[in-house]
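By written order: A, B and C. Residues from 1 in each chain.
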Amino acid sequence: MNKQTLLEMLQQQGISRRGFLKYCTAITSMMALPPSMMPAVAAALESARRPSVIWLSFQECTGCTESLTRSHSPTVEGLIFDHISLDYHHTLQAASGDAAEHAREQAMHDNKGKYLVVVDGSIPLANPGYSTIAGISNLDMLNETVAGAAAVIAVGTCAAFGGLPQADPNPTGAVSVSSLIKDKPVINVSGCPPVPTVITGVLAHFLTFGSIPELDSLGRPKVFFGQSIHDRCYRRPFYDKGLFAETFDDEGAQKGWCLYRLGCKGPMTYNACATLKWNQQTSWPVESGHGCLGCSEPDFWDAGSFYKALSIPDGDYAKASGYAVAAGIAAGAAAGMLNKKTKSDAVARHTKVSVDDFAVNKETD
Amino acid sequence: MELFSTANDFLLWTRGDAFNIAVSIFLIGVFIRVLEIFLMGRKVDFSEPRGTEWGPGLKNIITRSVVDNGTFKRAPFVVIVGYIWHIGFFICILFFIPHIELINAMLGIKWPGLANPLVDATAAVTMFALVAMLWYRLTHPVLKFLSTYEDYLVWVVTFIPLLTGYLAYHRMIDPYPLALGLHILSVEVFLIVFPFTKLMHTITLFIARWYSGAMMGRKGIES
Amino acid sequence: MNATTKEVKNTLSLEKGINALKEQIDAPTAAFFSSCVNCGLCAEACLFYTETNDPKYTPINKVEPLRRVWASEYTLFGKLKKALGLAKPVTDDMLAEWETLIYDGCTLCGRCSMVCPVGNDISTMIRKVREGMVASDHAPEGLVGASTRAVKIGSPMGIRLKALEAQIKHIEADTGLTIPVDVQGADYMALLSSMEIINFPEYIESLAKIFKQADVSWTLSSEAFEATNSGIQIGSSDIARELVQRVVDGAEKLKVKYVISPECGHAFTAIRWDGPNLIGRPYAFKVVHILELLDELRQAGRLKTDGKLDKRLTFHDPCQIVRKGGVLAQPRNLLGQVASEVVEMSDAGKMNWCCGGGGGVSANERADELRLQAFKRKKAQLEEINVEVMVTACANCRLVLEEGLEENNMDMPVLGLSELISEHLIEE
């Protein structure tokens, strides 16, 4: 099934060797490797066999798949994606029903220890019935499928961190892949959805080196998630100069000023949107005039309004303050009354001092 | 068992529950302290007044900020460095745009801010001034003599928000949610410590200056 | 000494002292203690610190006993600390230790109150601490003696009516003027301080001359001539009340319109500001300081003088009259009429430095050495301006300044302002 090398497959599609090498140069640079490594990348990729990939979709919206498969014209990235042997994927696979599940089991058996599991969507723990496939709960399917995998890639913020289903009040008890899988390497490729070139970049890394790239403290590839949006944002000079848009169509907005005051979460968000952008470098949220939502970060749905600045607290402080003021006034009045009593008691206990007292005390000293 | 599984959890806690707790303690504490003062009242003054109370009281609130020349010559350090760090502190709090957003969200009032690099420079100067004040407090015979653990505790809880704010702004702590969370937490500590310490002077100095000014104004003497 | 006698008769105690401190706390005091940030500026305003460099004289340190009582009795958090045994108590030893800070090292001059950046009226708080000191038997012997003499004899220096009458006789003989005594319905009743009667009787002579020329209707009272209030100095409202009541009774008996406070600092504070609050009601008369009256006369053209003292001189501002009494412009207006070369000291006016002997310090022999050390501040001020004569308007300041000048071998006369004016009156 998968005996064709990547180069053979590409050549079949009409991509010249020259085109292939151009791609390798691009991807070498994107993975933050030195140019001298390009030949090694090319050598690895051209003889790469198609790895088996099992894609599990749990509590997800399919947005991640949509993002990845978006291509108006065939791109090498898209073809890479095609190069993997996608042996199981709800939306994309042809088979369905028992045949589909059988395909999954077959792939697991044939490629034991070597296949990749890609997961999108979160896993519900409150009640397995919230999300099942062919009667199998997400949790069971995950555990079963990951048992013989080489590595797991959690695509999208739902799989990486719990995402939208996990948002307050989390009725399904949704959790991330990494909170369940502890004995296999898990790469978190977060984003809602992730940038398409990020996912293919991770796959390319895996295909090239047979290993997972360096990860940050949240398990995300540093090469794509090591920089904050804020540090790479083209509007940063406006932030630094203190020029902010205050409404979506005021002078500042029209001039492309910083969107901090309109809720941009760029400072706390780590992703590649500001450099790689979306839709083949067309644009990205900030460039389109909307603040970053922070969608590649855990709990971004609960991190306060998308339209309130990062510095604004997000609890119900108005109510808490109201109660506190009432309590403070009551307690203060009580304390004040206590003070008045202490004083009036002291005044009542006053005994008049006269010069005779001095004489007496002297006598008795 | 980890307290927070990610830096983001920590940040969200500081902006959520911790903030509500800190603000509540602050408000309750301040009201108690202020009412404890006011409800004590003062005795009626039967002497014939030479002047009024309210005008001079309010005037003193402003004029007491000016030190007389003779005293200034004796203690220029306290006056100059004291002003530098206080003014710098308030510039950082009130004229940094993210802070203005916060205050606007809570109180509904807004004003123009200063460019970030200006606030940044002010923060640096303020921190230097604070360190200088600490050195002075540790070495000057009068301040060393008067100071208690509370004076040093208050110095720490005042300095840390400036330091963490500076580190967060310059992204010197990774990841950023941790840096910002530490800054917000340090402000919450400040708010909690506030009503129990001399930080109350931020509010009570208006009361004290008014009373002094009023008492002197009634006697027709300059305060 | 009988043990039971001690129990029954020992009326001053630590308990009473602490109770007295409790009584003294009010809203302003609470605001003051809440606001102090230990900045140390008050020390720089206090001549006892500047001339000794001993931090214990820092004004806010002097009120530590009062602060402890405020914290543990009038703040919720302080009460909690007390319940947990974490509060610092006020002990008898502490009050004993603080006695010299409160009485020897403080004249209640009020400079600290002017300087505190958060607006604390520290000198008023020190005055309050004295209430606690008296009630706990920690007042200095000198002041105890002065108060006892004041109450029992009528004057802290033990001067009786006879002594005053003798002085009056001399003055009448010298000047040919009559000094009115017990004149019912006179406009002004003049008070005198013992210091003036004994040491500076020129003051009484000056009054007689000036009032004759200006045609002022005035009198002395044989029952109420003493202006000095030792109760204020020792810091006992009870004793002060007894003393001020005499003046009030005397003035109201004679049905005078005004009572004149003489050239004495604390006497003015006592009669003008404290008196009505001690007796619990307003007076039936008004109080005016002699300088205020003299300036009124000057403004009305009733003070006819000729010639000016032609010496380089300066004015020492008595604390209770200028800074705390508000009589700031009057001395300079009056000096301008009778002096040609008035040179101001640095910090002159409401920020002038205390002579070092007010507030009972000069009556406290134990404080003599410290007082002379504190005088160095005044010495420095004088040396800066190189004057020949010093004029002031407080008999106590006069004496203290003279002593200080002598101690430092400085040859400079100290004149009273009223006296200086009367010397230049146009003789009729």
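Everything that follows uses one rule, which is that contacts are C-beta pairs under 8 Å (C-beta built on N, C-alpha and C of every residue); 3 or more make two chains touch, one makes a residue touch a chain.
Source: prediction; values computed, not measured.
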Comparison of B-C and A-C (more C-beta pairs in contact): B-C
Most centrally placed chain, judged by C-alpha centres: B
Whole-Å gap separating chain A and chain B, where each centre is the average of the chain's CA atoms: 38
Chain centre separation in whole Å, for chain C relative to chain A (CA means): 76
Centre-to-centre distance between chain C and chain B (centres being mean Cα positions), rounded to whole Å: 38
Sequence positions of chain B contacting 2 or more other chains: 32-33, 36, 38-41
Sites on chain C at which at least two other chains make contact: 25, 74-76
Junction residues of chain A, two or more chains touched: 331, 335, 339, 343
Chain C to chain A touching residues, read off their complex: 1, 5-6, 9-12, 16, 19-20, 22-23, 25, 73-76, 134-135, 137, 139, 144, 147-148, 151-152, 236, 238-239, 242
Parts of chain B lying in touch with chain A, wherever the complex brings them together: 6-9, 11-12, 15-17, 19-20, 23-36, 38-41, 97-99, 101-102, 105-106, 113-118, 171, 175-177, 180, 184
Residue ranges of chain A touching chain C (in the complex, touch as defined): 331, 335, 338-339, 342-343, 346-347, 349-355, 357-361, 363-364
Contact footprint of chain B on chain C as seen in their complex: 25-32, 34-41, 43-45, 49-50, 53, 55-56, 58, 60-61, 74-77, 113-121, 124, 272-277, 279-283, 286-287, 323-326, 328, 346-347, 350-351
Residues of chain A touching chain B in the complex: 161, 216-218, 228, 230-231, 239-242, 244, 260-261, 267-268, 270, 297-300, 302-304, 308-318, 320-321, 323-325, 327-329, 331-333, 335-337, 339-340, 343
